[in-house]
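The structures come next, written out as structure tokens.
Below, chain A partners chain B and then partners chain C, in two separate complexes.
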Partner chain A sequence: MHLALFTLGRLGSAIPVLIGVTVVVFLSVQLVPGDIALSILGRMATQEQLAALRESMGLDRPLIVQYGRWFAALLQGDIGVSLAQQLPVAQILVPKIWNSLILMAGSLFLVLTIGFGLAVISAPRFRSLTDRIVVALTLVFASLPVFWLGIILLYFLAFKLKLFPISGMYDVVGGGGFWDLIHHLILPASVTAASSIAVVARVTRSRMIDVLNEPYILAAKARGLTRRQIVLRHAVRNSLATFASIGGLQIGYLFGGVVFTEIIFNWPGIGMQLYDAILARDIPMIQGCVLVVAVVFVLGNLMSDVVVRALDPKGS
Partner chain B sequence: MTGIPTALKPPIGRRSNLYFVWRGVLGDPVARIAAGVIAGMMLAAAFAPWISPWAPNAANPELRLMPPGTPGHLLGLDQQGRDILSRTLHGARLTLICGILPVVIGAAISIPLGMLGAWYRRLGAVIMRLMDVLFAFPMALLAIMLAALMGPGIGNMMIALVVTLIPYNTRVVYAAACLERDQAYVEAARAMATPDLKILFVEMLPNVVAASVVYSCTIIGAVVITAAGLSFLGLGVQPPTAEWGIMTSEGRSFIFNAPHIAAVPGIAITILVMAFNLLGDSLRDSLDPRTRLRLVKPAKET
Partner chain C sequence: MTRLGTLLRGSVLAFALTATTPALAETTLVVAVEADFSRMDPAASRTWNTFKVVRHIFEGFVEEDLTKGGDAVPEIVPALATSWEISEDGKSYTFKLREGVTFHDGTPWNAEAAKFNMDRMTNPDFEYFVPTAPGLLSWVFMDLAGYEVVDEYTFRIDLKQPNAEFLRRLSAGGSGAPRMVSPEAVKQFGNDGIEDNPIGTGPFKFVERVVGEKVVITKNEAYWNPDRMPKTDTIVLRGIPEVATRELALMAGEVDIIGTPSPDSIETLQGQGAKIVTGKSPMFYVLWINTKDPHFSDVRVRQAVCMAINREDMAKFQRKGFAVPTWGILNPGGPGYDPAFRDCEYDPEGAKALLAEAGFPDGFETRMDWTFGGGSDVNTKGDAEWLQRDLEKIGIRASIEMFDNNTFWDMMTAGMREGTGLTSASWGESTFAWLDQVVTTTALPQNCCNSGYYENPLMDQLLSEARASATQEELDAKLHEVRDIVAKDMAFTSYYAANSVYATGPTVTGFVLAPQHWIDLTGVAKE
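After this line comes the complex of A and B, so read on.
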């Protein structure tokens, strides 16, 4: 099948999933224990305030009508009004989405480059000292809780050694600009990426070891190709599809990790906004954050499927 | 699996899964160490009240923030002057429970769900589409959203984790059950007019359960981290209860003058998760038809 057709097909199947996502996010409000209006406004609320809130959120209507209204507003970019800030959720979230995407992109870059690099270094040297060190490192890193790694690196690298800034995206005084951003980005992006790097390196390494045991590698050796040529020409190319699919799977883990790193490094993105919303019990904001991340996640998976497809030699 | 020489098939066919678990996991020194670490932590958790030098919430404000090595307090004291070693030992209880229990409950729900889905194809289509929707949420985020909306607390956190785990385990069970569905023994049972439910839960279940158990074991490590993460965010275990996620969270506020408060519980989480991951990998390898070959003793001539 042609790649464009495949992409269209995947887009088509993503639409019902996205609609399902909106249903789940909408219904999730039903999980809030007790009277939603009361839990939003608190015990001090008067009967009039409660009635007004129920009216404005449409809480007195049947669920299906509520969903219809909510979904219609959603299509126009209206995710609701933040209870804590009294501003439209969408308006608050748009700049945060970009900040989170920057952090995500930085992490994904590290995951793909370092993860692949470790596999290329270790697989051709199967069971050598280098290989064993890589395996041991990936084992430890795959088991590190992201929130703990963040705190510890913050202490050692930012506080003790002063190699990186402690928080934020830019310096407050004289900040701004690309290199200032990169300087602030390295630490949170590395923390977010750490366990995913380990997973990508492990899976790609074992795929590459399988490839290197194939008869055609022996044939290539017999033809007199150097190890370097064999690795670059055969092992790398035949591991790419596996690498891309495990790399794509990491997007979800990175989104989970971003929530924690943003809180620890004070990175003004969706994760920190979500945390603030949780503390303030700002329900429309929690819904908005989750909805935005889920949509980006679905689209990210779609892109990674297309890339995997394009890289798979057997695919087309 | 192609590539397995036919001559080797009969001896493998007669070995039970338990045989491979036994030889694979206990024959692997790394897995033995991992199992030992987990057993040790479980024992520490079970006997925490008797082996802890102090009570988990007994505070000595005069010694607050003191580093590891303070006389009588091997791992130091926290921001309220509570003994970190004692809190870590007690914290193992909830950390282990929050990591393991949701996986067990999730599997108990996923196994019938996946099997019924594989058997009744229309129902299966509905179930798997529902799962697709849940897959559209990053795992940690779905758990965070559910726990946040239901309200903080250990019970709600468990429910959130179970819901988050169901799609993953159901997919594993569904795939395994779809393979079993077409086997000859199922066809034979059908020909004998065995009731559907009996075929599913008497004939097929033993063959499907292995896949779910292996998957569950490989995911415990991730669930331990997610559960600790939820407590870190204030959504799970509540202070002053000792649990490794909340201890890390409390230590975060004092990271610059007393880094050991956050360091100790985090190291404990890492060791536990590493042990679960190693054990899970070993278990998976020992039941994987592609790698289990090496576990069979050189076949005796029969």
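After this line comes the complex of A and C, so read on.
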């Protein structure tokens, strides 16, 4: 009950944030120099043709009117019509969002399992060689730029060793199916996950080290529990809230991060779409993409707040 | 740790095993070009890359024969018209239409279908009119006076004035494409529905499109032209903008043909067994000079710029030989092109003397606004730096500012900004339609793209006369007049024409390049 109320409250406070996001998305695109009508009709168009198109699209109306119309349509799920493709933006974006979510889910899986795994391995062995190696490793992970790591992995694992495909989500010819997807997913998911793994591992590790210094751990030791039992029964459980909180924060971060990964790996998601849309100056499409990333960010944080609340023994 | 390690290793191995993908069907070909495609509806499509798809699904009255490759300007051949008659005054085209042809949905091709499409592209009162078509297609229909169904298989188009390039323009595309869409499909799916149901008469039928991923087309078994019957069953066309990814995908065998590999990668690609196919292209790099700029308003300064550029070396080193040096405003593969023409000779000393004569013995500072380009542009920043070096040698110290392609063309439409002396982009077509966009007074800012404010009404007149020419010789002569005047005024020059460069996998056969911005894939197969 308390949790439900809490969730509702958070949802309520997310609404003004989301409205703010729509204003920013709408205005930021207005700041981009250039003429939408010219983008549509091309260099061969005459001034009269351009003016006629501007009028038919309402581009000659005041900004506030344009925003009002745009927002009203948005509430009905209509993000507009892609200028480059002349298809509804929503129709193009929905499968792309799904593709990006798959990539994000793959990354999140790696972040949570590997991040947590590294923490569990290193924290109980504080300042041992293992611990030092883990710390050094996370430092390296956190420092590698996505585009660099992506190209290096592509070159060695995909091109030289031919373990993985170079690009896309499925084989274009004769592809499809779950395993084909997983095969294509591993490299981009790893690249996206790298720095988040480091963050999750380090934060969870330091929380676990704190837990392991608590008096009740000493008591447990005195009762003759093995290290394995102490870690699994006490340290892990008492670090979970921290882990969930930092892990949840990665949702938004990863979804933003896939933008870069997708371009390197030609993954047909929201990032690739955004890149194409910017190149084609497809304004409604750019707005749609940015909006989706922002919404996933907000919802991801909300979700992690709820999970943390649920896990926190002091919470309810 | 060890257990985790074993688990990880095991799963990687499992993935590697499942990675052995099913054998490629021998008749599927994957082609990767430099950017995703715009719209499939020919009346609304844009970009040269999109026309590479559109021209395989749709046809017009006439077609350019791109199946032979070679350097000659592609021949105009019959397509949905079997023959045509041009009236004495050159203003009326009567097309005999091909009988027995059906669209991919079974709709018959006839004069009514032709009228439906002409209405769709040019008649604002028509139910299925495409509002963007007149703007995109003005280069084709600028002289249109009317059209008429004569009988079931005869269709006439009337022009306000003769247009020597009318057939050539009817066969081209890139900014709209005057190609025939199934009227029944338009009625059934609506204009917007043509995006997902592009139904024409071409050698390939549309199968599916995933925006941002691929377009799949398949052999039209009922195609009327045995000479262009596809040799491959299915072709997948993809846009892969990142050149390194494109090259890796070719080397890994994920794609069979790629457009515009980097000149630096040619040797590596060949080492991996790839075949390099090159051809002439109408695309050349035009240099706009700001005639309103206080330095460049003096024609001697503009001539000095022309003389400062070492075009031969630029083609040889900057493009690794995959280019030919050019001079003047007419492009290779376009009407009136003469490889012997020079608007100036390379002469840095002479250029310096001219600058001194014009009152700039110590040179001056200026700015170059440049674009990263798009499509098959390669390292345009390198071009800018090359020119910067050449100009420095005669005392012109130029800074470079780079812009993305959209912003750049917006700036071109607005006209070159104060302080900018030079700007450049790739252009050039197999028709001279683009010159109307660059040298005429109607193209002065705020219209695109006479961006250096070259104001000479004679250009408008001569180009209109060129269009009205009765013969190719007359047309070429008019264009030579335009070229010579531009050279004398030195408002524009050019530096090189890039070859088209494609790379194919070792087993790909029959891929040729004609001097055009687009390709024909009907003869391509994989052994």
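Operating definition for what follows: the second predicted complex is superposed on the first by the 300 of 316 C-alpha atoms of A that agree within 3 Å, B and C clash if a C-alpha of one lies under 4 Å from a C-alpha of the other, contacts with A are read in each partner's own complex, and residues count from 1 in each chain.
Criterion: a residue touches a chain if its C-beta (ideal position, glycine included) is under 8 Å from a C-beta of that chain, and two chains touch if they have at least 3 such contacts.
Source: prediction; values computed, not measured.
Of the two partner chains placed around the shared chain by superposition, chain B is the only one that A:23 touches, whereas chain C remains out of contact.
With both structures placed on the common chain, the touch criterion links A:174 to chain C but leaves chain B unconnected. In the superposition on chain A, contact of A:163 is made with chain C only, not with chain B. Of the two partner chains, chain B is the only one touched by A:256; chain C is not. Of the two partner chains placed around the shared chain by superposition, neither chain B nor chain C is touched by A:128.
Applying the stated contact rule after C-alpha superposition, one finds that A:35 touches chain C and leaves chain B untouched. Touch criterion met: A:275 reaches chain B and chain C at once.
Once the two complexes are laid over each other on the shared chain, residue contacts for A:226 go to neither chain B nor chain C.
By the touch criterion stated above, A:143 is placed in contact with chain B alone, chain C being left untouched. Residues 33, 151, 154-155, 159, 263-264, 275, 279 of chain A touch chain B in one complex and chain C in the other. Taken together, the chain A residues at the contact with chain B in this complex read 16-18, 20-21, 23-25, 28-29, 31-33, 139-140, 142-149, 151-152, 154-155, 159, 251-253, 255-257, 259-260, 263-264, 274-275, 277-279, 283, 286-287, 290, 293-294, 297-298. On the side of chain C, the complex with chain A involves touching residues 1, 4, 12, 15-16, 18-19, 21-25, 28, 30, 35-36, 38-39, 41, 44, 46, 131-132, 134-139, 175, 192, 195-196, 210-214, 236, 238-242, 244-245, 248-249, 251-252, 254-255, 374, 404-407, 409-410, 413, 433, 437, 446-449. Those residues of chain B that touch chain A in the shared complex are 129-130, 132-134, 136-142, 144-146, 148-151, 221, 225-226, 228-229, 232-235, 245, 248-249, 251-252, 255-256, 259, 262-263, 265-266, 269-270, 273-274, 277-278.
Every residue of chain A that touches chain C in the complex is listed here, in rising order: 33-35, 38-47, 49-50, 53, 56, 82, 84-87, 92, 95-96, 117, 121, 130, 151, 154-155, 158-159, 162-168, 171-175, 179-180, 182-183, 186, 263-266, 268, 272-273, 275-276, 279-281.
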